[in-house]
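What follows is chain A paired twice: with chain B in the first complex and chain C in the second.
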Partner chain A sequence: MKIKKNIAISESGFIFNPTTGDSFSTNPIGFEIIHLLKEDKNKDEIKQTILNRYAVDESTFEKDFYDFSTLLQNSQIAED
Partner chain B sequence: MTVKKQLTIAVSGLNNIDSPGPGIPVIRALKESTIFDVRIIGLSYEALEPGLYMHNLVDKSYQVPFPSAGTDALIERISYIHQCENIAVIIPNFDAELSNFMKLEPRLLAEFGIKMFLPTQDQFDERHKSNLFEFGLKHGIKVPYSKMIFSTAEIPALLNEFSFPIVVKGKFYEAYVAYNIEQIHSYFNKLTSKWGLPIIIQQYVFGSEVNVTALGDGNGNAIGAVPMRKLYITDKGKAWAGISLDDDKLVQIANKLIASSKWRGGMELEFIKNAENEYYLLEINPRFPAWVYLAKGCGQNHPEALVRMALGETITPFKHYEVGKMFIRYSYDLVVDLKEFEQISTMGELS
Partner chain C sequence: MEKLRYERPVVKKLNTGMMNKFGTRTEYNPVTHIDGVSVKGLIEKYGSPLFVISERTIRQTYQDCKRAFTNRYPRVQMAWSYKTNYINAVCNVFHQEGSWAEVVSGFEYNKALQNGVPGNKIIFNGPDKTDNDLKLAIDHNSLIHIDHLDELYRLMEITKEVNKRPRVAIRVNMDTGVYPMWDRFGFNYETGQAWDAINKIILNDQMDLVGLHCHIGTFMLTANAYAIAASKLADLAYHIHAKFNKKISYIDLGGGFASKNTLRGSYLQGNVSSPSFDDYAEAICSALLNAEYSKQELPLLILETGRALIDDAGSLCGTVLANKRLSDGRRATIMDFGVNILFTSFWYEHKLSPAQEFSHYTEDGVVYGPLCMNIDVIRENITLPPMKKGDNVVVHSVGAYNMTQWMQFIAMRPNVVMIDMDSKVHLIRNKETLEYINNIEEMPAYLKEFNLS
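On to the complex of A and B.
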């Protein structure tokens, strides 16, 4: 999954899709994951980064990452 | 230091209400022109059009006869206004008045030297709501299936060709979404009493509304095009807030349409973008939209460019516009003296 090239993301976690005109806000973890996706990190690399940095177990990460990535795709922020 | 060219421009569509006319946004764009120093003459139909009382934007106003009065009454009135104001350019902004102005365009130029930059009668007719489906076929643009009806007796048979929801549209303005036969009857009666026949029945398309304000030079070149998505829509279907989009496909559709129709003048294209990212053309308005000031805010001053073309200049098409610029409308109470209302109501003029 990749973040679309023209998506604008500010330091505050505000996301703007200039093609659809939609805007979103994300929390700091979401912001971090989006940045990792923009750096072309794959899911395993992102999982490792998050598990190392935060007190979260693998199954919780898997579930939340699945939800978040679905949201990003449905919102046309990310694509396969 | 640059010296701006002084110009008197008459503008209609001063009804800056909840379903706003384009006059005031056009005037704002002209007042911010880097080329022209404009004196604005407002052309009004009713004494309560708010633009009449916006003296910071409209320098003087005159009432003009309703379009139904015909071209003779209109040219007589324009002749009087021209004697007083020496009008250089007229920008009509109502669909309903355009036919009269198009018919008068050669006379206004020959007799008074007044310039306009309007679509031709053929272009105007071809893009009419009732002809839009055929227009789409001709120019290779998707248009939801639609047909005209002239009587409520035709309503039951519609279900052989359409499925609910169905859009019921007035000849000039207004559209309603019907979910059953009774609603079609109700909207038919409501719209015919206001705008006359025919009524246009159109298949509803699910998706988000995206519009383009554009300008054609009459030779097939798109001078400018700015796409916008409505962010807040009023109960009359008007954009109360919107944002400019980075949408090459939409701009390309606008360019293609202008190239194939050789559109002359300002226009608004209304589309629905469905979940498959397909664009369906819902309507072509043959003049600038009420949100045209957003184009100025994005770096394309379409009204200024239209005036330059009306004056005979050949201009280079705009290449860029700013993406992510928003407009948000607001309402504002003008407090005016009864004397002003009296003056426009009785004398037909207001300074």
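On to the complex of A and C.
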């Protein structure tokens, strides 16, 4: 999964899609994941980074990451 | 290195031009403590879900209400409406504050007696009083509020049998300009039914007609309806005095004040749209003070306020069981409490707060209970921060009707605790057990055994 090229992301977690005109907000961890995606990290690398930094177990994060990916795609922020 | 607190990643579309009218996000403050007691600690000790009652809030609300009336009218008596919440400890807080008891069944009547309320301070309302109930109430010199003609005739017969003079009032229903009109209970004012009943009672001369009662509805959003009700009852009292030279000693305006909850589908939040105790008191007291009848002698004003006195004092603490994504993209959060113990979810958009810290990112979603049924919706639309399995929530203002209308379904009804004035916690109702439920079942002998091998 990749973040679309033209998506603008501000430091405060504000996301703007100039193609659709939609804007979004995300929380700090969402912001971090979007950045990792922008750097072309794959799912396993992202998972490892988050597990190292946050107090969360693997299965919880996998579930949440799956859900978050779906949201990003539905919002046309990311594509496969 | 210590790891950072985890929160589920979310992304939310921003709708420009659709700002919340109030500009504040009142639902998003964590509520980690109730009256200084930790929510997590309570759940650890007493389980989840858990009803929590604040004694301090009960007393404060009661005193605010009472004061609103006594500041404007010299003779006021509250009577605790048992059906609203008849857990004995709750009733006794009201009785300690000076409330009489208002009951609507033999069960409630006996509960009040066993709590130690003197019989002559119990008001017996409702259409369903058995012969035994009526005899008991006559014996204890309680105030019997007659609901319909059949009851009036039955009471006349019983009175002859037991050879005592009961103290009675009639319940009157009337048009107060509020729709729908509550005309199912009591005798109608406009059609003259009420006056007929009054004539029968006085001419029959076996009972003392001491009061007039009405209960015009519940969650009344206009205080003025009470002014109309008070005037109409005072007018009846005036005519009784004029015709029979008989004094009506009290006017009981029932319950029905709105609490600060938000009604489902309402545009305004309850704390903005509900009249205050002062609004109700102003309407009622000025109507009574201006009534023709009151110029002779002010009647005692009785109030049977229920939900407005107890809603805010009750909270339901619960736990997130799971999160799901619905097919329309909305987030669904499943709680460990359903509509069977939170009946008021059908009426209110209950305010719900997470019981732990979170960042200020939110998602729109639905909150469900665990009942595996479509109707089990706690909040149809709610904006909440992301919560994960095991997180706790506090549902606010659930003190009225839930702990009496709750249903035992699938699991046991939970513990109820009261936090006292010194922030000490008391268990006031035990969680039900399998033994408790099985105790009242009977197994026919021929069904005792089976063989599935």
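Details
Quick note on the criterion: the second predicted complex is superposed on the first by the 80 of 80 C-alpha atoms of A that agree within 3 Å, B and C clash if a C-alpha of one lies under 4 Å from a C-alpha of the other, contacts with A are read in each partner's own complex, and residues count from 1 in each chain.
Here, contacts are C-beta pairs under 8 Å (C-beta built on N, C-alpha and C of every residue); 3 or more make two chains touch, one makes a residue touch a chain.
Note that the coordinates shown come from a computational prediction; the quantities given were computed from them, not determined experimentally.
Chain B and chain C, once both complexes are superposed via chain A, fit side by side.
Between chain B and chain C, the partner in contact with more residues of chain A is C.
Looking at the shared chain after the overlay, A:59 reaches neither chain B nor chain C. In the superposed pair of complexes, A:12 makes contact with neither chain B nor chain C.
Applying the stated contact rule after C-alpha superposition, one finds that A:20 touches chain B and leaves chain C untouched.
Across the superposed structures, the minimum distance from chain B to chain C, using CA atoms, reads 6 Å.
Overlaid on A, the two complexes show chain B and chain C touching no common residue of chain A. Those residues of chain C that touch chain A in the complex are listed here as 3-14, 16, 323, 325, 329, 359, 361, 386, 388-389. For chain A in complex with chain B, the touching residues are 6, 8, 16, 18-21. Residue ranges on chain A touching chain C, taken from their complex, read 13, 15, 22-30, 33, 52-56, 60-61, 64-65, 67-68, 70-72, 74-75, 77.
Within the complex formed with chain A, the residues of chain B that make contact are 208, 210, 228-229, 231, 242-243, 245-247, 323-324.
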